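Could you have a look at this structure, given as C-alpha cells, before my questions?
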Amino acid sequence: MSDHASKVMPMRDAIARFVHDGDTVVIEGFTHLICFAAGHEIIRQRRRDLTLARLTPDLIYDQMIGAGCARKLVFSWAGNPGVGSLHAFRRAVEAPGTAPLEIEEYSHFGMVARFSAGAARLPFWPLRDYMGTDLPRVNPRIKTVTCPYTGEDLATVPALNPDVTIVHAQRADADGNTQIWGLLGVQREAAFASARVIVVVEELVDEQAIRSDPNRTVIPGMIVDAVVVEPWGAHPSYAQGYYDRDNDFYVAWEDISRSPDRLTRYLDEFVYGVPDRAAYLKKQPHVTRLKAKERVCAGVNYGY
Amino acid sequence: MSDHASKVMPMRDAIARFVHDGDTVVIEGFTHLICFAAGHEIIRQRRRDLTLARLTPDLIYDQMIGAGCARKLVFSWAGNPGVGSLHAFRRAVEAPGTAPLEIEEYSHFGMVARFSAGAARLPFWPLRDYMGTDLPRVNPRIKTVTCPYTGEDLATVPALNPDVTIVHAQRADADGNTQIWGLLGVQREAAFASARVIVVVEELVDEQAIRSDPNRTVIPGMIVDAVVVEPWGAHPSYAQGYYDRDNDFYVAWEDISRSPDRLTRYLDEFVYGVPDRAAYLKKQPHVTRLKAKERVCAGVNYGY
Amino acid sequence: MMAAVAARELRNGEVVFVGIGLPNLACNLARATHAPRLVLIYESGAVGAVPERLPVSIGDPALVTGSLMVCGMADVFQCMLQNGRIEVGFLGGAQVDRYGNINTTVIGPYARPKVRLPGSGGATEIAIHARRTLIVAKLGPRAFPERVDFVTSPGLRPQGRLRRELRMPGAGPVKVITDKAILEADEATGEIVLAALYPGVSVPDVQAGVGWALTCRSGLAAVAPPTPQELRLLRDVLDPKRLFLKQ
Amino acid sequence: MMAAVAARELRNGEVVFVGIGLPNLACNLARATHAPRLVLIYESGAVGAVPERLPVSIGDPALVTGSLMVCGMADVFQCMLQNGRIEVGFLGGAQVDRYGNINTTVIGPYARPKVRLPGSGGATEIAIHARRTLIVAKLGPRAFPERVDFVTSPGLRPQGRLRRELRMPGAGPVKVITDKAILEADEATGEIVLAALYPGVSVPDVQAGVGWALTCRSGLAAVAPPTPQELRLLRDVLDPKRLFLKQ
C-alpha cells in the first residue's frame, strides 16, 4: 500500500513506474471510458513485448499493435465498433511478417469470466458455454470441469491476473476511490484482478464528494496505485456526462489503419509528436462539439 | 412474464399467489431492508413446511419458526445482531420437540456463493474456504472440485434456487424495476436465482424516476412477478434514507423470544391480531422517531 | 425489408438481446408498432434502452441515458443470458451454413486466415443460451456455404449432434431472415430450409444465393411487403440518415 | 483495556475486516490516535466507514452514510477477502483452544447441542484469508478449553496440520488479546503461548483461565496500561454510553 499523498501523478510518471516491458496490460472499458491517453503514453514510452488483454481491442490496441508494443493479444471481439476492421491487427494476423502477433481468443463471456476469476483470486471460472463451437479447438486454455453435484461437464476458463490494469473513470479522490456511471463493462473485475491499478479520471474530487454517494464507488482506493487526472483522456471514446464518442474518428480510422504509412503518420503527429495529453488536445480543436449536454439525475437520501 | 399492469398488488395477494406450502422462501436483506411485512403476512396466511433460507435468519425467521411456518432453515449466522440469541430457533435446535427444525449451515461466503451460483444458473460455485474446519463434516453439501489448470482442490457449494425471493427496496416502478442504495447484501443474486420474485417498496415511483438514474437499478422488472407498496415494511429493520433501525425492538426480542408464551402473545397482538401492515403500524406510534434525517447526495450527469 | 420482417418476429413483452444495425432497427420498429413493451438488452449492460438517436455502436451513450438499468457485463452474461432470461437473440455473420452454424471468426484456416473477422463477441453464448435466435444475413454463395470455415456460434446440429445432447439451453436459430426470403429451421433434419419468399423473388433466386441444395417447404409462404407505416417509421423516424437502411 | 491493546496492534493504512463491539472500538481508537488512515471493511459491504455514532449492528446505517464505498457481499467475500486484500481480521468466539481454533457454532455435539451458538457468519473465511487475525476474548476455563467442541474458524494447526499444507492464504491468529494478558502464536509448536501480562496480573492468574498447561515465553513482556488519552477517547468520545466498554 503506497502512501496516500503520492498516488496522484502525471500520466508520464504513472506509465513509467507501473507499466514495464513484457507486462500483461489491460486497458478496459467497453466502448465507454477507453483510456486512449494511457495507451498513447505507453506508445510514447516505447514499451515492448506487452501482452495486451481486453474484450474489444478497439482503436487503442490497434494503435499499440501498429506501434509495435504488443507481443500478444488476448481478446473476444477485434473490430472497429460500428465501423469495420482493425487493420493493424488484421495485418499482423493475416500476413504475419517480422513481428508476429500471438493471439488468444475467447468470447465476451469467456473474457468476463477470466476477469471474474482473477478478481476473486480463483484459478478458474465455470461457465455454460463453447459446446458445439470451434473455439476450444483453437484455444486449449478453454477446458471443462465436472460438477460435483450433477456430474455434468461445464466449460472453464483460466483466471486472468494482469500485471497492470488501467481504468478511465469520471471521478476519483486522491486515494483512488473511483466512481463510474453509465456502462460499467468489466472494469471492476479487471482492477481487482490486477497486481497494479492506474486510475485515470476526468475530475479529481474531494474525498467528501465520494463519501456523499458511496454506492457509486466502483473501485476502492485500497487497490489503486496511481491516480492520473486527464480530462478528455478517453477521447475518441466517450465519458458519460462529460463528452460524446467522436464517431468521425472511428470512421476515419478505417482508412488510417488500412495503410501502414498513414498509421505511422498518425502516430508521428498525434502520439510521438506531442509530449502529453494536453498537447494532443490542442490538436483536436473540434472536440468541444462533443461536450455532453446536461441530464443530471436527482440525488438519493443517505440519511438515517 | 406476467402482464405489466397486474404486477402491483396488496401484500395479501402477493403472498397468496406466489408463496405456497412447502416452498423454499428467501426474504433477503443484510440487516438493512428486511421485509418483516412479508414475513408477517406469511405467518398470517399460515404457510407450512417452508424451507427458509437467508444468511442471517434475524428476528423475522425467528418469528416464522416460532409461528410454525418452517420445516427447515438454511443459514450462515443465526443470532440477534448486536443483541444476542434467536430463542425460537435455539429452542427448536437445542431441544427439538414435536416440530423439529432441520438445519443446513454454511458460512456467509458459502451462502453468498450459493446465491451467486443460483443467479448464474450454474449447479455449483467454487470458493477457497472450509479447509481445516468442521463445517463440511456436518454439511455434506459442501464438496470439492479439482481445478483443471492448477490441480488444486477448491471447496464448492451447490446452487440455491429458491421458489420465491422477497426483496424490500426503497423504490420501484410498476413493472418492478427496483432501486436500492445503502447496503446491498445479496438481494440481486437471490432475486436472479429465484423462480418467482416479490419486490416490496417504500415508494412506487414513475418509470421516469427509474430511467433518470439507471445505474441505481439493482433488480430489473423482467424478473419481478409482484410489486407491493408497503411503507415502513422493513420495520424493525431499516431502510436507508427512510427510517432507522428500531434497536429497542431488537433488544426487546431477547426477552420476548425467550418465552414461548410471550412470543405467542407477540404474534397474537402484532401479526394475527392485525389484518395488514397499516394496522400493524397503528400499533407502533413511536416509529416516527425513527424517520431518517436528510442527507441527500448530488446527482450525476447522464448527458452525452 | 429485412428490418420490417425481423420486427414481425418479435412479440410484445419479450426480452431481446440486440446488436447494432439492422437488429436494433428491427427492435425499434417493433417497439413503435406491435410490441411497445419489448425489453432491449445490449451486451454492454444497458437494459430497456430507449435511445433518442440511432446508436452507432453497441456502447453508445444514448443507450444508457433513460434506460431502465445499467449493469456490469458479468451480470449480463451470467444473470441474464446464462440464467435463461433472454427470449430472442439476434445474430449475423460472414458465413451461415446449412445447419445454421455461424462464422464470425476467420475465412480460411484459423492459423493462417485469408480474412480475419472480429471473432465471437457475445455471439457464441447468445447462440447457446437465447431461447431462440434470429439470424439476419444477405444471401450469397460465399455467405451461405454448405459448411462454415469456423463454428463461432453453433446452429441446429453442431458437430453433427443435437443441441440437447450438447446441453444447449436455447432452441437455436429458428429463422434466417435474408434479403430475399425467410429460411426456417427444420426440426427433423436440423437443416435450414426455404419457408417464405419476398415479393418478386423466385426459388431459383434464393438457391443462387445458397451453397447447397436448398430444401423448400411444401407450400411456400409469401412475405408481405413492408406496410406504408413500417416504411415511414424506418425511413423518416428510425433511420433518417440511412445509416443502416441500405435498400 | 482490551480495546486499547487491540488498537495498538493496528498499523496506519491497513485494511481491517471488523465486527461490532470491541473490535469496532479498537479500530476507532486506532483511527483517532496512531492510524488515521486505517480502512475499515464490514462484511455488510461498507468500506471506509466513519460512523457518526457507535454502530449497534454490523449493518448499521451509520456505517453507510459517509463511507467510501458500499458494495454487495459477493464483492466483499470474493474481491476483497478471498482476493487477499484484508490485512487484519478480528475474531472472537465462545471457545478458543490451544491451537487458536475458534468455535462459534455449538457447545456439545452438533446434532444435539447443549448451546446452539450463531454459527460462522463470515468468521470461517476471515480466519482463512485475512493476512493475520487478532482474537479478542475474555479468559476463563470454559472459554479456553484444550480443544474446541467444533472448529468454526481454523487456528494455527487445524486438524493437526499446518495452515500452508491446507493451502490457507492467511497467517492465522497471531495474537489473542484477553482481559488479563496477551497470548501469541508460537511458530514452532503451533500453540498459543503467554507473551505479555497486563499490570497487576500474574502467570497463575492467566493459567487459571486456560484449560491446558500454558507455555510462557521466556522474558514475559508487560503490557502498558491505557494512556490517559486512550481512556479519554474510549470513555468520552467512542463509547460514552458504555455499550461495549464493560470494564
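Letters are used for the chains, namely A, B, C and D, taken in the order the chains are written, and counting of residues starts over at 1 for each.
In this text, contacts are C-beta pairs under 8 Å (C-beta built on N, C-alpha and C of every residue); 3 or more make two chains touch, one makes a residue touch a chain.
Being a predicted model, the structure only gives us computed values, none of them experimental.
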Count of contact steps on the shortest path from chain C to chain D: 2
Maximum centroid distance from chain D, chain identifier (CA atoms): C
A-D compared against A-C, more contacting pairs: A-C
Centre-to-centre distance between chain C and chain B (centres being mean Cα positions), rounded to whole Å: 39
Whole-Å gap separating chain A and chain C, where each centre is the average of the chain's CA atoms: 28
Chain A and chain B: spacing of chain centres that average the CA atoms, whole Å: 37
Multi-partner residues of chain D (each touching 2 or more other chains): 46, 61, 64-65, 70-71, 78, 82
Set of chain A residues in contact with two or more other chains: 121-122, 127-128, 152, 181-182, 184, 188-189, 212, 215, 238, 240, 244, 292, 295, 302-304
Pairs of chains satisfying the touch condition: A-B, A-C, A-D, B-C, B-D
Of all residues in chain D, those that touch chain A in their complex: 13-15, 37, 39, 46-48, 50, 61-62, 64-71, 75, 78-79, 82-85
Touching residues (chain side chain D, partner chain B) in the complex: 20, 43-46, 56-61, 64-65, 70-74, 77-78, 81-82, 105, 110, 113-125, 128-129, 150-154, 158-159, 161, 163, 166-169
In the complex with chain C, residue positions of chain A that touch it: 30-32, 55-56, 75-79, 81-82, 85, 89-90, 93-94, 105-109, 112-113, 115-116, 127-135, 138, 152, 181-186, 188-189, 238, 240, 244-245, 247, 250, 292, 295
Contact footprint of chain D on chain A as seen in their complex: 1, 3-4, 119-122, 177, 188-189, 192, 207, 210-212, 214-215, 217, 220-223, 302-304
Residues of chain B touching chain A in the complex: 121-124, 126-128, 143-150, 152, 154, 156, 158, 170, 181-182, 184, 209, 212-213, 215-216, 238, 240-244, 292-304
